[in-house]
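In the two complexes below, chain A is the common chain; its partner is chain B in one and chain C in the other.
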Partner chain A sequence: MKHQKEVIYGLYDDEEILLRAVKKAQADHIEIMDVFTPFPVHGLDKAMGLEESRLHIAGFAYGLTGTLTAFLFMTWVFTRDWPIIFGGKPYWSVPSFIPITFEVTVLFAAIGMVVSFFTVCGMAPGRVNPTLDDRITDDKFCIAFNAAGAEEEERDRLRSFLSGTGASEVNMKTI
Partner chain B sequence: MSVVVSPIREPLIEGGKTYHQITEDICSPTEKAPNLAWMIAFGLSSAFLGLYIFTVAWTIWFGIGTWNLNRTIGWGWDITNFVWWVGIGHAGTLISAILLLFRQRWRTGVNRAAEAMTIFAVMCAGQFPLIHMGRLWLGIFIFPYPNTRGPLWVNFNSPLLWDVFAISTYLTVSLLFWYSGLVPDFATLRDRSQGLRRKIYNAVSFGWTGSAKHWQRFESLALILAGLSTPLVLSVHTIVSFDFATSVIPGWHTTIFPPYFVAGAIFSGFAMVQTLMLIARKVLKLEEYITLQHIDSMNKVILVTGTIVGVAYLTELFISWYSGYIYEQYAFYNRVLGPYWWSYVGMMACNVLSPQVFWSRKIRRSIWWTFVMSIFVNIGMWFERFVIIATTLARDYIPSSWSYYVPTWVEIGIFLGTLGLFFTLFLTFTRVAPVVAVAEVKAILKAGGDQYVGPNAKPHHHHGHDEVSTEAHH
Partner chain C sequence: MDQFVFDAKKRWVLGGGMILGLLCLIITFFVDDQFHTRFWTNYLHNSVFFTGIAFISLFIIAAFTTALAGWSTLIKRIWEAYSLFMIPGLILMLVIVAGVWGHWHHLYHWADTAAVKEDQVLFGKSGFLNKYWYTFGTLIIVGAWIYFAMQIRKTSVAEDSNGPGEDFSYHRRIRTLSVIFLPIAGFSSAAMIWQWVMSLDAHWYSTLFAWYSAASWFLAAMALTILTVIYLKSQGYLPKVTADHLHDLGKYLFGISVFWTYLWFSQYMLIWYANVGEETIYFRERLDNYKPLFFLNLIINFVLPFFVLLRNDTKRKIGTMVFVSVAVFLGHWLDFFLMIKPGARITAMEAAAHHAGEAAHHVEHATPFAIGFSFPGILELGTMIGFLCLFLYIVFTRLTQASLTPKNDPYLEESLHHEVV
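Coming up: the complex of A and B.
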């Protein structure tokens, strides 16, 4: 909450009305600050023109790190650090490294992705992020405009856009 | 949600719910004082949890000499329970991961509770190899950490070590998957509450706001965690079966074990989901979210996996005869007709014969039949693990070392105790978190609500919906 800003927002009762409003805002070149919904609304990211999440690329990188860590570590232990013959097999018995390599790959990818997800979303245990309305996690769909430094005329235009596209409530809040 | 819903598809959410009613129905049980049924169940589970603590303490204090394991039968109830609990856990991951990839919408009614079940079941399972070590405080030796003994590393070629990695990864990934799914629902609970309760739910919801970008990442995360969990869950029981299959004991050394263990795991897991959900939907009044349609679907899974397991039992018998190897043949002769014949009969009756009643749609949709059957399957799968472990070990290569095994009160106490641990954790979970995934159910409302699909659908709703979904698609 370093920079407080004024936000004009409208609450919609249904995701279909919200989607239409978002598309209209895009067509009218009104810049949306953010949209808040109680559940993932399909097609919303495309309507808002959001880029695809790159989380899966990060996930691949974490997984690969896991693969290499496990495989190279086992290789080092059994060929360099302390070679032991088990059951007459070669020191570097690759097939029996597969299960652990796989498990560590999954472990690294999962932990890495979850930590990245919370970090890039600005979320952490105990973090208080400002919200506009308590009903957004229940049954209201919200479009928010940044009204910081906007003229009264511009603010009225945003308000009338929200009510004109079917918002059931239009408010302003400083967050 | 861009959807094409077949008109013959049955609704998954009944009662013409609105978004707000969904929040209300699912969240309110966590906000009210628990009812009498919950209190009784919690009291009973806690008593068994007490038994668990007592018997485990007894084992650690006096050593595993208090169990009836002997030189011939080195694995008894402990490893039976371990495999049984791990197997039960598998249904949760199957529902949350594999059914997500297959886009099965009915998963949303049961996935949250099933994932919780997975975590608690794996926690119960993990106890057994640890206390079986006898000297629990040396349990750290199973991890490859730099030590002053060389360093002497663990044996990465051992299936028992693979198991350590599989089970710990499975527990961690399930926990992450479950918790990341809970975060938006914790935010819903937060926004409904005041004071201290609000502070607590804010802390556990990590400051979730519901921003569109966050939801986009959330869905990406869920999809990839599902993609990772799917091979993971298959690998876990495969590796558990390697504990047996890579040994050279007749009756264990078979290549059929991995697929047959995985099918059995899904089978027993779904049975446990049924047991829990039938009680939970009644006690928490969630009948409109966990409908007969859900129960029917899960019973179909039980029927299919039960039949796969049955085919595996018969294949084992055939292959042992066909192998022409007398030790293998004798191991299976013993399994069916040896001193533990009663456990084989129990296994066959509960796992193979009894699920066949689910060919009847009427029985699949009967609460009582389903409940009784779910208990049968749980018992049958416990017998299966016991059959594999005890009958095989009891008669090995040298007749002079043949033996018989009955558990002591300590071993029975630990098993009943883990049931106490499991149910105590599950009942606590129903008090602090939404048992049904609130946001996910809302997301399928227009594809699964009975005002939109099914015989009672209102046509104008449907029309408005179709229009938008086509738009959203382009």
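Coming up: the complex of A and C.
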């Protein structure tokens, strides 16, 4: 049995209203579990006080791995393992390695970042992640609070915060 | 502070720089060889470089307007001022044109009538590489660019005083001009680069050359824009320009640096791989006799901006941006140095041998190390400072003639609220 929790969430119609609500929650020291939007909202990361993603640092490392893999592999093949003369060029002809090195760098960086991102988010083929509401992938903007183990009084406070900041719907769901 | 003040102190500093440049040019003229090759190549190098920056600034305005870019509106006046340097730029280039007619210089091998007669390759190219086309191109094509620059500027300034107009008529007019200008700029800039720069190596050609040197102009213009924006901000102007605008300018510096490297490498690798003597001669000469510059060019224009600007935060800090912009600006000045000097030097050596009575094809292509050719010397640096000061003098004069903020531009509001992250 998976770990389950109760979530109180509000659906907003517009990203501006959502952004104002997030800022108000921060000012009121209400801890937001997560915010779901159908598209990136400018200034949301800053308003939520999120740290900068470290994904791009991983991406740089994957890219560098790709660069070295391709370059060293070709160097090994053409100088040690199976030297062939192409077009009268030397065995170790760096300019002709560069396009492939570049491609492999991009390939490693791209695949590495996708796999890292999926791993961090707990996504994998065949795995179904619970969604609070299907409409948050379409036209609704959602703020979710963790209500696990909270008193009824506390839950009412969260609900009134959501409706008070302009949420068009307030629901509770166990996921 | 919307009104830029070009005060006496700035005028004196820039005027002093211009005098320094003029002095350097005069000294170069007198310490030179019989054809004054160093003087004329320095003159051509800086004229082409700064005229190109002016041209590419107009291209930037046109491209951004056509793409409905809003973020750049706050700094659009800087590019407008840059683009109007094409008027003095045309005058600078006309001196070279007059030199072709009057045989004042031996920059271009194709301008030598006797050489063209006995040279199959030059004869075959003489339909395009001749003084008529050179004059026509410089006068008519640069003239057309100036027409668009002045029209766009005029409309933009009129929008300031008259309001956005009915259905944003002023902005629509700028957009129409931009859309007409873009294809003209694409084709005609290539023709001008072939005439001005590539034909210095008259026997050689590369179909990539125009793109590659236009990318060089673009980076020099972008680096200079960043430096101007930072300078104006340090003087208290452009208060609404934030780190977010700087970030986007930095992205252009980063992205086009990679694009430039891509073109540089594509040109190099295809010629290296095909290994056709007529083509490899270009890189042979540069690798044999210009090795330090050849690799410095790649380091300063690719490795440095790539690794410094790869991170998000370096594009938002003034210190790193000034450092990279100065390096890239000088780097692309060196890039043009490397495009211009070797070809012109060989032409001059062959002409000298010809004058001395030897057959031109017996000339050895061994070009010994010489300051001013193999590597820029103090005189080259001084000349560049002189041209830069002239450029900035014209730009600052133009900046005083209109408000620094385009008040009624429909995209101004978007630019004011520009946010990158």
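Assume the second predicted complex is superposed on the first by the 172 of 175 C-alpha atoms of A that agree within 3 Å, B and C clash if a C-alpha of one lies under 4 Å from a C-alpha of the other, contacts with A are read in each partner's own complex, and residues count from 1 in each chain.
Methods note: contacts are C-beta pairs under 8 Å (C-beta built on N, C-alpha and C of every residue); 3 or more make two chains touch, one makes a residue touch a chain.
What you see is a predicted model, and the numbers here were worked out from it, not measured in a lab.
Engineer: Going by the contact rule set out at the top, does A:96 touch chain B (first), chain C (second), both, or neither?
Structural biologist: After superposing on A, A:96 lies in contact with both chain B and chain C.
Engineer: Is A:131 touching the first partner chain B, the second partner chain C, both, or neither of them?
Structural biologist: First partner only, chain B.
Engineer: On the A-aligned overlay, A:123 touches which partner chain: chain B = first, chain C = second, or both, or neither?
Structural biologist: So A:123 only meets chain B here.
Engineer: Give the label of whichever partner, chain B or chain C, reaches more residues of chain A.
Structural biologist: The partner that reaches more residues of chain A in the superposed model: B.
Engineer: Using the touch definition from the top, say if A:87 reaches chain B (first), chain C (second), both or neither.
Structural biologist: It touches chain B and chain C both.
Engineer: Tell me the contact category for A:42 with respect to chain B and chain C: first, second, both or neither.
Structural biologist: both
Engineer: Which chain A residues are contacted by chain C in one complex and by chain B in the other?
Structural biologist: 42-43, 45-46, 56, 87, 89, 96, 99
Engineer: Mind listing the chain B positions that touch chain A in their complex?
Structural biologist: Counting only chain B, the residues touching chain A are 1-2, 18-20, 23, 144, 150-153, 155-159, 161-162, 165-166, 168-169, 172-173, 176-177, 180, 183-184, 187-188, 190-192, 202-204, 206-221, 224-225, 228, 231-232, 235, 239, 242, 439-440, 442-443, 464-465, 468, 471-473.
Engineer: Which residues of chain A touch chain B in the complex?
Structural biologist: By the definition above, chain A touches chain B via 16, 19-20, 23, 34-48, 50, 53, 55-56, 59, 63, 73-74, 77-78, 81-82, 84, 86-87, 89, 93, 96-97, 99-100, 102-104, 106-107, 109-111, 113-114, 117-118, 120-131, 134-139.
Engineer: Which residues, counting only chain A, touch chain C once they are in their complex?
Structural biologist: My answer: residues 42-43, 45-46, 52, 56, 60, 87-89, 95-96, 98-99.
Engineer: Where on chain C does chain A make contact in their complex?
Structural biologist: Of all residues in chain C, those touching chain A are 265, 268-269, 272-273, 275, 310, 312, 419, 421.
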